[in-house]
Amino acid sequence: TSDSPHPLSLEEYRRYGRQMIVEDIGGLKSQLKLKAAKVLVIGAGGLGCPALPYLTGAGVGTIGIVDNDVVDTSNLHRQVLHDSTKVGMLKCESAKQVLNKLNPHVEIVTYPVRLDYSNAFEIFEKYDCVLDCTDTPLTRYLISDVAVNVGIPVVSASGVGTEGQLTILNFQNEGPCYRCFFPTPPPPTSVSSCSEGGVIGPCIGLVGTMMAIETIKVIIGSYTSENFKPFLMMYSGFPQQTLRTFKMRGRQSKCLTCGDHPTINKEAIQSGSINYELFCGSRNYNVC
Amino acid sequence: TSDSPHPLSLEEYRRYGRQMIVEDIGGLKSQLKLKAAKVLVIGAGGLGCPALPYLTGAGVGTIGIVDNDVVDTSNLHRQVLHDSTKVGMLKCESAKQVLNKLNPHVEIVTYPVRLDYSNAFEIFEKYDCVLDCTDTPLTRYLISDVAVNVGIPVVSASGVGTEGQLTILNFQNEGPCYRCFFPTPPPPTSVSSCSEGGVIGPCIGLVGTMMAIETIKVIIGSYTSENFKPFLMMYSGFPQQTLRTFKMRGRQSKCLTCGDHPTINKEAIQSGSINYELFCGSRNYNVC
Amino acid sequence: MNELISKDIKRNKTRMVKIKVEFLGGLDVIFNKERVHNLNVPKEDPVTMADLLDFIVETMIANKKDVEVFLENGTVRPGIITLINDTDWELEGELEYVLEDGDIISFTSTLHGG
Amino acid sequence: MNELISKDIKRNKTRMVKIKVEFLGGLDVIFNKERVHNLNVPKEDPVTMADLLDFIVETMIANKKDVEVFLENGTVRPGIITLINDTDWELEGELEYVLEDGDIISFTSTLHGG
């Protein structure tokens, strides 16, 4: 449609006009990239709840949501896309209802499944970019491994308490993956402090909002093979709000997933021979 | 109610539990401060849309919303609390509908008026803290002037394009006010670049989320007379996301509103003798 | 980044003060959209912020009509926040502040959108 | 902030390398909940990151059971990101990096919540 004289409807021009005129966005060309983009959001929790409406509002053409969890009252202080009338409803369906009303031009696809080695490829292969809004190391390794094998980037973030972290993995199949940063998973016991830590709604929300911004940059091409440098951002909400950017290692030649001699390939993952549960030691990780 | 053995209902404990256990929040005592707090949010636009649900989710007892504008399609890329079915509805009523469902424990009060010298005191006097989520220098001076005279703090933010700024004014009636920072308003022509600049939804959204975090700190007493130092935070979304904190001047003894010999007092404001329209030069300010 | 070295300074090997100047909040529009400039300001006496404003107006603002976006009545115009090493210049002596090597001077427009 | 100066260093006026160490992402729990520590590390030969890890374990972790939260197999344990002046230590030589005055060394737990 980008060759046609009116690639956007008048309603779309009105809807996206205030963002298209921002110089960093780059006008119609970028708006059409957003419209053509298919973005997969894994997790409609504390991170997904702000990332989803801002991506929907910006006009990302297709948004998939993977989440098999249901809305609980204890989520609502931070998962503000849901509400008290949705308690018990699947989070992906609750999100879809809100997002469809926000922007009917966006196709919302829901996957009410627990992401695992057997279903991940089938889902990922339909998308250009994935947001890791999950809460367990196990899933973080799986998402990164599958994304590398499918050849798409991951905007990955996490948060606990008043802090959060964000990075972009497998950028243009050149950037480092999660296993480049963390070849060995942390011992399960080390994650325990997090499970008692709780989380402040707008702090995790701020990190989810940052994810939407980074995703827009990836889609419209603000990051290029030339200017992209691996990074990890670290946000802290208390006592003062601070945001630091760390310069990170590049792709590791020894990486089992994206290195010179990868063993964690599609066949190995799908056959179940990469035992994520065993590798990560315990299911106690499911902490936030 | 804080003296009673069960100051929160079981449902409230479930709802707020994950935030109450965060050490920086400080447990039940702080949750009760949030419940007792009355917060006024002026503007349900790009900043108000994320600030409102996070304050509501956190359990602020009473939230007032001042906005006489109605939802327009061109707002929806950034004002994601509203949606396409609400086009034409008052923003304060649209927000109230969503917030009531998010957390029925919070009382939402709407003021579908344009804030001006004649109605500001009457509204402000019912609240403990005000969020300036507006978009004109004229209103920013008015909000600060009235807040100083009523004796409440202002969490004040703004944003254009990919950038945003945030500060806290009149903290504990000791911190600087907007006029301490800006004794003279900018010439109307200087604001013109902004009117063509547009805004990226999640960038202004991030700043609104920061406002919710700062408001929570003000309410629960994270900031004290001892540790509070006047600051201005500056966020930039592109090309990399950065957040800087500038150390700012304290209260100015010559300030016309909060200085040693104030002339901008309640009587002067309410009589209309402080001509905000004339002072700020033009209504062309209404830019975002 | 933009290196500005006045020619006669180079020739005479006069002393210079090396600083970084930033134009934020949209102010970069009058500086070729460059937000960060590394400057070598000629140094004969102590170089003050007043001297820096003169230097910026004389050497960095191409279109003289843009000067009024930056200055008014001989100082930074209302609505622009001036920072010396991330601190409000009001706390540092404003126009009288003496620049030192390595200083970061930031000018940022106040934003009004919301 | 926490000033740590080993006594015999003070007595002998031995050279020291002065650095800042940060424990982020919840790691401060094993360091008396202090996130930022200003250290003076005894310096006889070049002081490496390996030496710093020894120094931290010997002088800063009160409860020896907590050492395994920080170290594993003689290096920083998996899941902790180590940064030298805001740069991944993998780019700086890891255990062999030689500390200099003013260096900022940060250790941060990876967060997993979402």
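Before moving on, here are some points about what is shown:
Chains: A, B, C and D, in written order; residue numbering restarts at 1 for each.
Keep in mind that, in the parts below, a contact is a pair of C-beta atoms (placed from the backbone, for glycine too) under 8 Å apart; a residue touches a chain by one contact, two chains touch by 3 or more.
Just so it is clear, the structure is predicted and the values come from calculations on it, not from any experiment.
If chain B is left out, touch-linked groups of the remaining chains read A, D | C. Minimum number of contact steps separating chain A from chain C: 2.
Placing every chain at the mean of its C-alpha atoms, the farthest one from chain B is found to be D. Remark: chain A and chain D have CA centroids separated by 32 Å (rounded to whole angstrom).
If you average the CA atoms of chain A and of chain B, the two centres end up 29 Å from each other. Chain centres here are Cα averages; for chain B and chain D they lie 41 Å apart. Residue positions 161, 197, 199, 245 of chain B are each in touch with at least two other chains.
Residues of chain C in contact with two or more other chains: none. Interchain contacts link the chains end to end along an open line, per the touch definition above.
Working note: touching chain pairs come out as A-B, A-D, B-C. Partner chain A is touched in their complex by these residues of chain B: 11, 14-25, 50, 53-54, 56-59, 73-74, 76-78, 80, 83-85, 98, 101-104, 161-162, 196-203, 205-206, 209-210, 212-214, 216-217, 222, 227, 231, 233, 237-243, 245.
Looking at the complex, you find that chain D touches chain A at residues 24-26, 29, 69, 72, 77-81, 83, 86-88, 90-91, 106, 108-114. Residues of chain A touching chain D in their complex: 43, 45-48, 132-137, 140, 157-161, 163-165, 181-187, 190-191, 193-194, 197, 199, 204, 232, 234, 236, 244-249, 285, 287-288.
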